[in-house]
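For reference, the structures are reproduced in the following blocks.
Each of the next two complexes has chain A plus one more chain, namely chain B in the first and chain C in the second.
The block that comes next holds the complex of A and B.
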């Protein structure tokens, strides 16, 4: 992160295009995960969890708003946060495939949350030193929220894993089911590499190493077994999604698409 | 969850009382109660349930069972004798304007 801060107007076209997509990946991962957590409202195991999950959801949607607004400005075609959230179809969403996976049971939601929280910790911490000062400021705010999210999800991971036979079996089942999506988290493509070269994004390999150590330590405490690495056919951040995202977006986008420009 | 055990909260998650300090220099005040499996979870639940609107800067939680309460049956003996001792109220002093939280 030693490159000098580049003023927006001095970005070349290819870098601006890559930055737009990079910011959308961050934004969409937060938005989609936040929407998923919102599905728990009224259904969580206890009132305390209901509010806890809703708080995480609101933090994530808040991050998405800041990031989508910035993405729209980088793109320069007049799309605001609402246009980007509500008027794009699934292939235009660039979230991590892991974020769109259905809630399943509480253990499934916690494992998904914990994997992404640990990822966001690394990403937001790295972006704190970004040459892109706007992204650095958003990351600094999001990092405080993410530290609490991680405390919440890693705490629950240990409770469930190192809990009863039932809770451990459910946590392990969730881990076995979701682990295949984790290869995508830190596998860089040409957009990530361009962002790293421009001093905007942290180096994926270094972040991946720290993520892996953190995850392994949490799994040890939770007495859960890390599944073997699996082939990597998931490309959510390139717009290729599992079938779950479309259904989720249909619900999320229904109102603003049915009543364009509707106010609150 | 779709198939909860009969009232798992009562069995596994005892009641905690929650106290919030609204800002530095003030005392913690009782704001309510919640269920949690242990103290760490109680702090997280208190944060999520009671500080969503910037209500505070510090939290205390204590197991409700650990609170010793006065006996309502003894209320007369405990509290009636104070009733006719108005001179104990600080109404005979001038309180400086600068003192906000006496």
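The block that comes next holds the complex of A and C.
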């Protein structure tokens, strides 16, 4: 199926390359997080949470498919969503480092989800007004889904944090362990800056401020303590990953790599 | 709400060619694979059927949720229906913007959902306190409780009726 005919976007080469990488960052973050959530299927604490996590995974992978397809078109080398998802190695994945962190316990998964949901709320909201109409359309659709993802994850954050001594200790431990990956969320590099200058991406500093206020308010309700800022050596969005991504990709890519071109 | 109503009406009423009307009637018989009492027209995912300047018939469909697994099945069922009815040259296009909303489900579609035992969505654009309250599709009671925001498909949440004690699905508002 084709998209309705539209005038081809005219971009200079450097902008097209930056856009390709920018869209991949969004796509890979959704894909990797969706794959992680899929690992919960059949293992969640209760059936309702199993369904909830699987639903979130489905939305995230659907968003990743739209974004990967677009990234492939921007790149213009004939790679489709499957080639990009299944035939790239870890250094070519540009997801946020936070997204690839292992599931841990339920509190760990919820804290990771909540931090990224709140980030996606800001990014998709901002991209809704993007000069890139395709990205704006994908973001407007994804934003509707992200709103109920955030409702799910922030609701659980408060229940776990303001819950029993055990659930609070686990939620705080998860926060302490994952907070060090959050600096990467809104620290712009030359790709982000080029996208912002082109009117394609929202300004990182403004989005960061709103994200921080939202996160602080949720933590207050959850009676959890925000850890101190930490130095920032993680660069998943530049292809430099923690050791966890390779193991995840080995499982995710095993089938299409073992049987190239396999179909149903 | 007004904008979405008018965009549906704009594409379905008035000034259509016989071929366009025939395609609308055809697509009104293509069922949604997960809720087969609804057609894809009832669901509001057929965005336009029009003869463009190039002489070709263009059919625009939009996905409900980004990850809805039914999207591929809907695409191939729509293609097959067009081909079988002699519209093999019609172009099937994916429309992403504006994003689908449950407000585009037609009044007929909402009635079919309720008769099938799925509580239809409240208007997504309306403020919560003025929206029509959710009622049990079996006994009509307004005394219902949500069990899970996520149900058997991406578009449904799980509820239970406090009066007749029956569980039921609610088509989510998005």
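Some points to look at:
Throughout what follows, the second predicted complex is superposed on the first by the 255 of 264 C-alpha atoms of A that agree within 3 Å, B and C clash if a C-alpha of one lies under 4 Å from a C-alpha of the other, contacts with A are read in each partner's own complex, and residues count from 1 in each chain.
As a convention for this text, a residue touches a chain if its C-beta (ideal position, glycine included) is under 8 Å from a C-beta of that chain, and two chains touch if they have at least 3 such contacts.
Keep in mind that what you see is a predicted model, and the values were worked out from it rather than measured.
In the superposition on chain A, no contact is made by A:91 with either chain B or chain C. When the shared chain is aligned, chain B comes close enough to touch A:159, but chain C does not.
Look at A:106: by the touch rule set out above, it reaches chain B but stays clear of chain C.
In the superposition on chain A, A:209 makes contact with neither chain B nor chain C. Set against each other, chain B and chain C touch different numbers of residues in chain A, with C touching more.
Of the two partner chains placed by the overlay, chain B and chain C both lie in contact with A:51.
Once the two complexes are overlaid on the shared chain, A:151 sits against chain B and chain C alike. The contact surfaces that chain B and chain C form on chain A in the two complexes overlap at residues 47-48, 51-52, 55, 148, 151-152.
Taken together, the chain C residues at the contact with chain A in this complex read 58, 60, 63, 65-69, 75, 91-101, 147-152, 154, 158, 172, 174.
Those residues of chain A lying in contact with chain B across their complex are 45-48, 51-52, 55, 105-106, 148, 151-152, 155, 159. By the touch criterion given at the top, residues 1-4, 47-48, 51-52, 54-55, 57-63, 65-66, 133-134, 136-138, 140-142, 144-145, 148, 151-152 of chain A touch chain C in their complex.
Those residues of chain B whose C-beta lies close enough to touch chain A in the complex are 1, 4, 8-9, 13, 34-37, 40-41, 44-45, 47-49, 52.
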